[in-house]
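Chain naming follows the written order as A, B, C and D, and within any one chain the residues start at number 1.
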Amino acid sequence: MISVGIVGGSGYLGKKLVELCSGHPYIDDFDVYGNSSAGENLYSLFPEFHQLVTDKKIKSTNDLSFSHDIYFLALPHGEALKLVPSLISAGKKVIDLSGDFRLDSPDQYLKWYNIEHTSPELLKEKVYGLADLKDYKNETKLIANPGCYPTAALLSLLPLVIEWGNKIISITTVAYSGSSGAGKSPKVDLLLSEMDGNVKAYNVHKHRHEPEIFQELTRNGFNSDYTFTTHLLPVAVGIYETNIVYLSTNINQKKITALYNDFYSLSSFVRLRETPPQLKWVTGTNFCDINISVRDNSVIITSAIDNLIKGGGGQAVQNMNKLFGWEETAGLLTRREKNVSVY
Amino acid sequence: MISVGIVGGSGYLGKKLVELCSGHPYIDDFDVYGNSSAGENLYSLFPEFHQLVTDKKIKSTNDLSFSHDIYFLALPHGEALKLVPSLISAGKKVIDLSGDFRLDSPDQYLKWYNIEHTSPELLKEKVYGLADLKDYKNETKLIANPGCYPTAALLSLLPLVIEWGNKIISITTVAYSGSSGAGKSPKVDLLLSEMDGNVKAYNVHKHRHEPEIFQELTRNGFNSDYTFTTHLLPVAVGIYETNIVYLSTNINQKKITALYNDFYSLSSFVRLRETPPQLKWVTGTNFCDINISVRDNSVIITSAIDNLIKGGGGQAVQNMNKLFGWEETAGLLTRREKNVSVY
Amino acid sequence: MISVGIVGGSGYLGKKLVELCSGHPYIDDFDVYGNSSAGENLYSLFPEFHQLVTDKKIKSTNDLSFSHDIYFLALPHGEALKLVPSLISAGKKVIDLSGDFRLDSPDQYLKWYNIEHTSPELLKEKVYGLADLKDYKNETKLIANPGCYPTAALLSLLPLVIEWGNKIISITTVAYSGSSGAGKSPKVDLLLSEMDGNVKAYNVHKHRHEPEIFQELTRNGFNSDYTFTTHLLPVAVGIYETNIVYLSTNINQKKITALYNDFYSLSSFVRLRETPPQLKWVTGTNFCDINISVRDNSVIITSAIDNLIKGGGGQAVQNMNKLFGWEETAGLLTRREKNVSVY
Amino acid sequence: MISVGIVGGSGYLGKKLVELCSGHPYIDDFDVYGNSSAGENLYSLFPEFHQLVTDKKIKSTNDLSFSHDIYFLALPHGEALKLVPSLISAGKKVIDLSGDFRLDSPDQYLKWYNIEHTSPELLKEKVYGLADLKDYKNETKLIANPGCYPTAALLSLLPLVIEWGNKIISITTVAYSGSSGAGKSPKVDLLLSEMDGNVKAYNVHKHRHEPEIFQELTRNGFNSDYTFTTHLLPVAVGIYETNIVYLSTNINQKKITALYNDFYSLSSFVRLRETPPQLKWVTGTNFCDINISVRDNSVIITSAIDNLIKGGGGQAVQNMNKLFGWEETAGLLTRREKNVSVY
């Protein structure tokens, strides 16, 4: 049993981490840290927690205790960067849910985040924690939890890229997200009055998750044109992505299907589908549902995740599970059917 | 042809007034005044206006011109109060869409709005402008445009109250509104992330529209128990109200139906329905749709309006039409069917 | 450990029962029975069940096995009536989620359901299973699981009615429900294209849940005017109810609050709230959240439930738990926080 | 002034045509024809038409009068095919909103629609009516009104294809549509209960609008890889499309912007945007809003339309306006601002 520190507990990701840690079989206790929310109780911040989660007072990030075994950082970009070095120096495990350690190169931080990265050595040490592909046999202290969009994109694309990378002419990802991905700070653009029945693209050619996806694709052999376009859906939760790959040769549906089935044969949280997934199949779960359609030289891969769970807190817990050598599903499957093969 | 000043043009009500004035057959020109939005163009504030409305720069409320014939005030409560006396002194017509002049008594302002009313004489001079019941034969200078909720409640209840007031044991109004009624200022509570699939009651026993409704009911003979409960719907636009009246005697459906049909026989914007209305029948229009169901001594009256049109800018324009002696539908029916009787 | 038969497993209620039984700690195995869905697999009917629920083939209701310990009937009204007598004769426990046994009198079935009730003796034997008020010390074989609307209404009103029944002048319930309450059969009225951004009242003065509520209110001392008005919300899941009670005397907020706190002090699933509940606080849970607001002689009680869980399958499981003498929360709280008092 | 026949008036497209014809300045009278709806009144079918549109009885398609000047056919695919030849033979103008005449080749009908096309000569005579690109100087009798998806895709892509077709490596269209595009026939998949908060891809690699888009792209010089993927949004109305083009050379944003501005300089209904459009900017209008973003050799074009207006009835009316030589905006701009340049 371990003790956990959740830093940045008042936003949507923080809330999800509290829920998941609260029901986790190997977590003994946890503390929640915040800035503006310090001093408040969980119950006043999240009334839905009554009788589901033990109430506790949110502590100030300034008084962060070093007594926890692992830290989940759900902070705005730039804030994790200030906290991580001291935690790592103190020998703590850290799973950072911000973008501060996802990219490998300080140059990329200057270009995409407009920040001078102050811990370039930790950029090298960190592991990019795409949980369904990692086993952490060689333990790391610092896991950069993938962005919500990159999680769905990379799980969709990596098997194909690893196997056929040199035959890929171009990849295109078109992504739609629920509004919770934009956080809980009130902005006119995110009001129900603005978004009811509405849809819009945003940050075209400029979204910070693009270099993250591109880095991991190229690390695995991709070397061609890529674009990533994000849109806001009129729903609170979920990400739906459509990935279109053009190959320099025709390809066979059966071969691709077999490749993916093999690749994810041991995965508890990637479900391969014979039809395009529905967003509702995955919201509230840690699953990533994926469908692959092939015609001639084009492969269209649709995928869906819950942006706050598989694209955030759920994947963070899955990473923790792997880091500590527990079964990867611990605390992540709320229904405990006895005969299900994934256990 | 007249000139119009729209004061407070950057919120949802202001936007609606711009749309309606822009297409109005008897309005020659109009200016839009704002505070924080002063200096901006309509097109940058409302990109959907491109090619529909002539672009113009929003002027500062501080530089309000006295050259317009009539002023629509779409200001926060308390702000109209500062502006109205000078406009009335200057002989201008004013239609105030705030709550600042709706109540008759300064005491009520102290109690419900927590303000010391500074123009008690204008409270007496103003006309409460429930447009479908007024003809303004004796012209007024100051119209207090009814609140969105009171519009639907009073149109539903007044015929019954006027005729059967002394036999009414109690009236209950349960109202649901889209989020645009809460304005465009960003608040966490109004985010899509919070309201998607959500519903909540608010201001129970404390909503400022309650004394307004109660005042008009009692003015027309009601003298018994009344409550008014408001809820937020997960939609941007529309109000749906359910009014339940218990009588001290059984009543006949036919008699009530005849009463309402007679009462609204000349009305262009009240549509009596044989089934409960649907919210979508009225959104985007100046209609109030009403259905009456009777069983023994209970009468249930359901009604629906667009909170920004019939409950705001549309009723304001209808009031203006009547004030100037024009047909009440001028500028308010976008489809111009030639054979329709209401023209 | 027991064996369960779920009859009518392909609708929304049936699906919820499968989920709940699948994760229940004292259920060993269960079978699902259907008519049109017989022969299909759970996975093809509900693809979201993959890796969460063990797949199994839906059996035909015609081949219903009498080997189960208890039967949940999630059938259309009229169908349960045909099945219940033989199950009861065979000594089985039955929880009927239809309306077929909720009312006490065959006359009421003729009036409201337009059916000649064929098992009047079972109407008397059955227990109306409002789970949060029952302890089943004297065991019954047949539980009529309350309707979704009545569950929220009665939990809101009964403490007040029991204590102050003779001082109540009238009660009014205004209820809004998500579309899943109307079932899964495709109808134009229930299309997203019709209901997006829409609201409507329906079955005014004629909803079959009204006599059910009225019966339980009068059983507990109420004897005055009651109306019940239902509306459709543009959401899939959840019920929100506003109950307005006028008393013949003024009443004190503290007294009422104390009454309710006392009444539900041992309840695991009724949460009394200091503000009106939000629908999202309860969706996905078996909770009923209730707020009480008092002013003079009027009491306004707002409440929210998940119509498919607390208003259907969850309450049915809670009833089963009580019937078998298990803790009432078994299988109903997905988060298993160790220190929470309700365990 | 002309007389119009609207055939298939009870679906969502038919309803929109009734609204548009009803307010059109050059339409004297119109009749509505239906099959299952024959004999019903417009008011009973569309209660929202009360006081907006003159009521009339829907006539039977079997009794179709040949006395109208022009016919709008809003029929299921395959049905228009039966009706068009006789109307054309009788010298009538026809605007067909189905897919029956959009493709040029009978082979394509066999492949994509699985029908043997019975009027191959009319396939050649028809004009594919992308209204914003046509002037109909050489009059035609038969206009194939474009599909909803192709309208947005082609308006987005054609200027680029015409100018740079030989430098295009691939084009990808990812499209999201509101549910009204799937029609008014009740299906489980289209229930609010299924689609609330949901998203899904459908007909991947198999949507019938793909050959239509491809045909028009290739007619204008495109000759490379194309895919088209469609998704269902949890909204009733609107289409949002993201078009990604990879070029064999880098390209300059200014050059492309100038190209599009020039191409659409005389267009009343294409609005070029400096930011990605919002769906709500166009719903309820005949506009197509387009934004172009360039980086190196990739061009991302986002566009939004109302699927029932610009993607259906509005474009049909615009085509009629051009066919008769009227201003193209007749009946299509509900706000009649006097100074707007498009008049």
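Assume contacts are C-beta pairs under 8 Å (C-beta built on N, C-alpha and C of every residue); 3 or more make two chains touch, one makes a residue touch a chain.
Just so it is clear, the structure is predicted and the values come from calculations on it, not from any experiment.
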Shortest walk length in steps over touching chains, chain B through to chain C: 1
Chain separated most widely from chain C, comparing mean CA positions: D
Comparison of A-D and B-D by number of C-beta pairs in contact, larger one: A-D
Chain A and chain B: spacing of chain centres that average the CA atoms, whole Å: 46
Interchain centroid distance [CA atoms averaged], chain B/chain D, Å: 37
Computed distance of Cα centres, chain D from chain A, in Å: 39
Chain D, residues touching no fewer than two other chains: 194, 196-197, 234-237, 278, 280
List of chain A residues in touch with chain D within their complex: 169-170, 172, 174, 176, 194, 197-202, 204-205, 225, 227, 229, 231, 233-238, 240, 242, 244, 246, 276-280, 283, 291, 293-295, 297-298, 300, 302, 304
Residues on chain A engaged by chain B in the complex (per definition of touch): 12, 178-180, 182, 184-188, 190-197, 234-237
In the complex with chain B, residue positions of chain D that touch it: 19, 22-23, 47-48, 50-54, 196-197, 268, 271, 273, 275, 278, 280-282, 284-285, 287, 333-337, 339-342
